[in-house]
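Residue numbering begins at 1 within each chain, and the chains themselves are lettered A, B, C and D in the order written.
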């Protein structure tokens, strides 16, 4: 948005769940929003540890009374408050997404939630309905579709530049879980490898979702059926750290997706190749 | 081989089956052998059309009496002849490989045969036995394993540089069959798309074999089981023009191979990625 | 700076000269500072057109009384004011750098100035002295040396990884001035091509400075003599749009720098190659 | 040339000067000619050491009476002989090019000579006149202009695809002389670094010639003046091992060439960039 267009608008305020000291993605959200310049952090529950949470809040210039001990309290108070937050960013571990999103949607506050959204399709559809009923924005952020290069790919494909799509080969290769035992030292790795906090899948849910989001955004293809092999390539893990998926799309195109957290030498290596009839 | 080492050796002579006017790979064999400098073309049956075959022979400096009307005649005469060929290069369509190899092996002549070798495992094993019984060399040429880069990869892997192999992602993407109807104009495409001359598979047999040959050569991995999807992405074809294969290897590593003849923009796009424990 | 370290610090405020509607680099400074999160824009003189300047200020949330009609007034008032700006960003055309920097340094305010710094070495040294005398920070921002990749290069070179440096080949190739007459439509291009506002050089001063800054930062080499050819490759221009420089460095290494604004297909194409004795 | 077109042609024979054991480029010529298939090696003077020369000849299937003790004898005998060689390949050190070419041209034999052709422009023009007077082919081989990619570049430029040429940046970076003292162990390096056998320049003459040949072939540009800095980057050498050249072309385009034999990590790194008005 150019400065001039922004002239008449009130600056928005937002809240954050998660994203405290030691977390990864919350800080990324804060920087991205600062870069955009249209909203300011005003409330948060950064951590279950309220003392640590306050400390983070102080370092970010938040008033103590807007750093909350729980997301439920935060949803209630911000909803009641004159000038409460416009939206909340949910940057919590997966198992808390559903409850947190529901609390804020029910409190009438717009929600931006990290992926993977929920543990089940039923949960996701329930949240969608709640947002719709109240006329709220409910966003799941798959960052890569915001890239200009991806938008250009989408435009090229939709313009017919490559004809009818025949085959898609997409991948997200990274290596941060390549070392055996990384989950002992790294809290991030620990909750992602624990079915209680991560859900049914680690790798495919965490980064495979980026692959499918990218493909569906860029191509418009819809999956009709798929065959997935969830691999545990580092011994002793409860969840997948690599995944290979064969896909049939509606209309006859075929695809293959590869996601990996053990591909040594790759770092957020997202790659999309789409082959068409010309 | 350096010049000095070659000093004492008699120049070898070889024969060729196929490789006449309009053929693709025969000329490649002739150039490769000329480049090496250790053998000279001395006999051939380039084509079923004996007149055309003679013409090709003349253009390549062959005596008319060593251009034969059939491979059976050629095997018999060259075997009987003083100074007959040392080896034969079989550059015929797939359905003729078995009979041609057998004829020359039974005639006591070393054989170099194009891939894919045969229509069935039983045929391949039969040829292997015949060669072994007579002490003959019987070679199938998968050209890419001859590349210095591939030999370097193999050496690195075998030296333990990447630890234990966890995942392989390999592909051979090309586009020469991307156009609908290419098989009407191109005799090469025609026989490769016809189960009578090509066998059970087009794409996977023709170039997927390079992928597996490359992987097994470079890594030493042996497949324990696989799941292959043979795709016909251009409507109306009797055989596959694209293939996706999920593999489990002995010892626990996993893999994925992609072969395509309809990947527009790729030309002999062989790529190998091997990920290990370090 | 991590959040926790920032805890005790007062948020800084800064002012901006230039960077109004239609300008290029001012907005970049504002975004970069927002991303860092340590300072907030509080005063400005965006343009000679005070009405336009106020409008920009309003869109960015500035109070009207801190949008000034001239940089001289701004330096005086912000210096006198309780809670005046901590530093100023000078994003004006080249010919105003010297006077603007001097005004703020003399007013006791830290300065960040765009490159190329001045029209003469004497001016630059004068500013340096003024900053030193008052104990002020005086920064010229050559953005590329802030990149982690560049810092890694510097560290590698200084660690002795490539031995003694023998040859440097560095370039900054771009194409935004490739079209004849671009300076008629584009105010940016106009002032950069006018010796009155740009100084003695356009291309070499504007982007060649990045090349030398990058080389001296990464390698530590100091130029002992040089031979520069300033090219005007698009007819009718008063200043260079391309430049080739041969360099001798102290200690015997040699170099070549190429800068271009007419290299069609390149966009901020900065490239550095350093060759050493191993 | 396709086989069929070649049908009616007599196979040519050629002779070689230089290219014995330990030499580099002679073997390359032999392989390239074998690959083409249109000529056969029939005579040679591989080395001043006649015994070694005969041994090389035997390993390559040459009759002893066509391996000569000197190029003068070879030129005389092959010229007199029924069925003597059609052309000679001169793969000798630079200082022998002029005399060898002259001997064979005067004997009525076509000549292919390695670059750099001669020590002076007068010698080169003298050879050109002798060839012209006798109606002989006199070729200097700059291998890179034979590449299809280079021919495509030439065609694109000549089609007007990039408009009028403005700037050329071309380079040939290699590293085989990067190590200090390489000339003690390597006879190739030794004669190239000795003004008596190499001439006035090592690097610029040996590979800089490829750069200019490539540029003039691809672009059609003709140099109007130039400024060259011949660098000796490894101490103690009598000739250049790196060179930087600034060029003005007829018509106003400008250029820069870089040649290096000490650019560690580069191996025959020829690169051409041509920028035009569109």
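As a working rule, a contact is a pair of C-beta atoms (placed from the backbone, for glycine too) under 8 Å apart; a residue touches a chain by one contact, two chains touch by 3 or more.
A quick note: this is a predicted structure, and the numbers were derived from the prediction, not measured.
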Inset, instruction - Could you tell me the least number of steps, going only between chains that touch, from chain B to chain C? - result: 2
Legend entry - Most widely separated chain from chain C, with each centre as the mean of CA atoms: B
Inset, instruction - Round to the nearest whole Å and give the separation of the Cα centres of chain A and chain B. - result: 48
Legend entry - Centroid spacing, where centroids are CA-atom means, of chain A and chain D in whole angstrom: 60
Inset, instruction - Report, in whole Å, the distance between the mean C-alpha point of chain B and the mean C-alpha point of chain D. - result: 37
Inset, instruction - Find every residue in chain C that makes contact with two or more other chains and list them. - result: none
Legend entry - Chains that touch, pairwise: A-B, A-C, B-D, C-D
Legend entry - In the complex, chain C residues that touch chain D: 162, 166-167, 169, 171, 178, 180, 227, 229, 231, 233-234, 242, 244, 246, 252-254, 256, 258, 260, 262-265, 273, 275-278
Inset, instruction - Sort out for me which residues of chain D touch chain B in the complex. - result: 3-4, 6-7, 11, 21, 27, 30-31, 34-35, 37, 55-56, 58-61
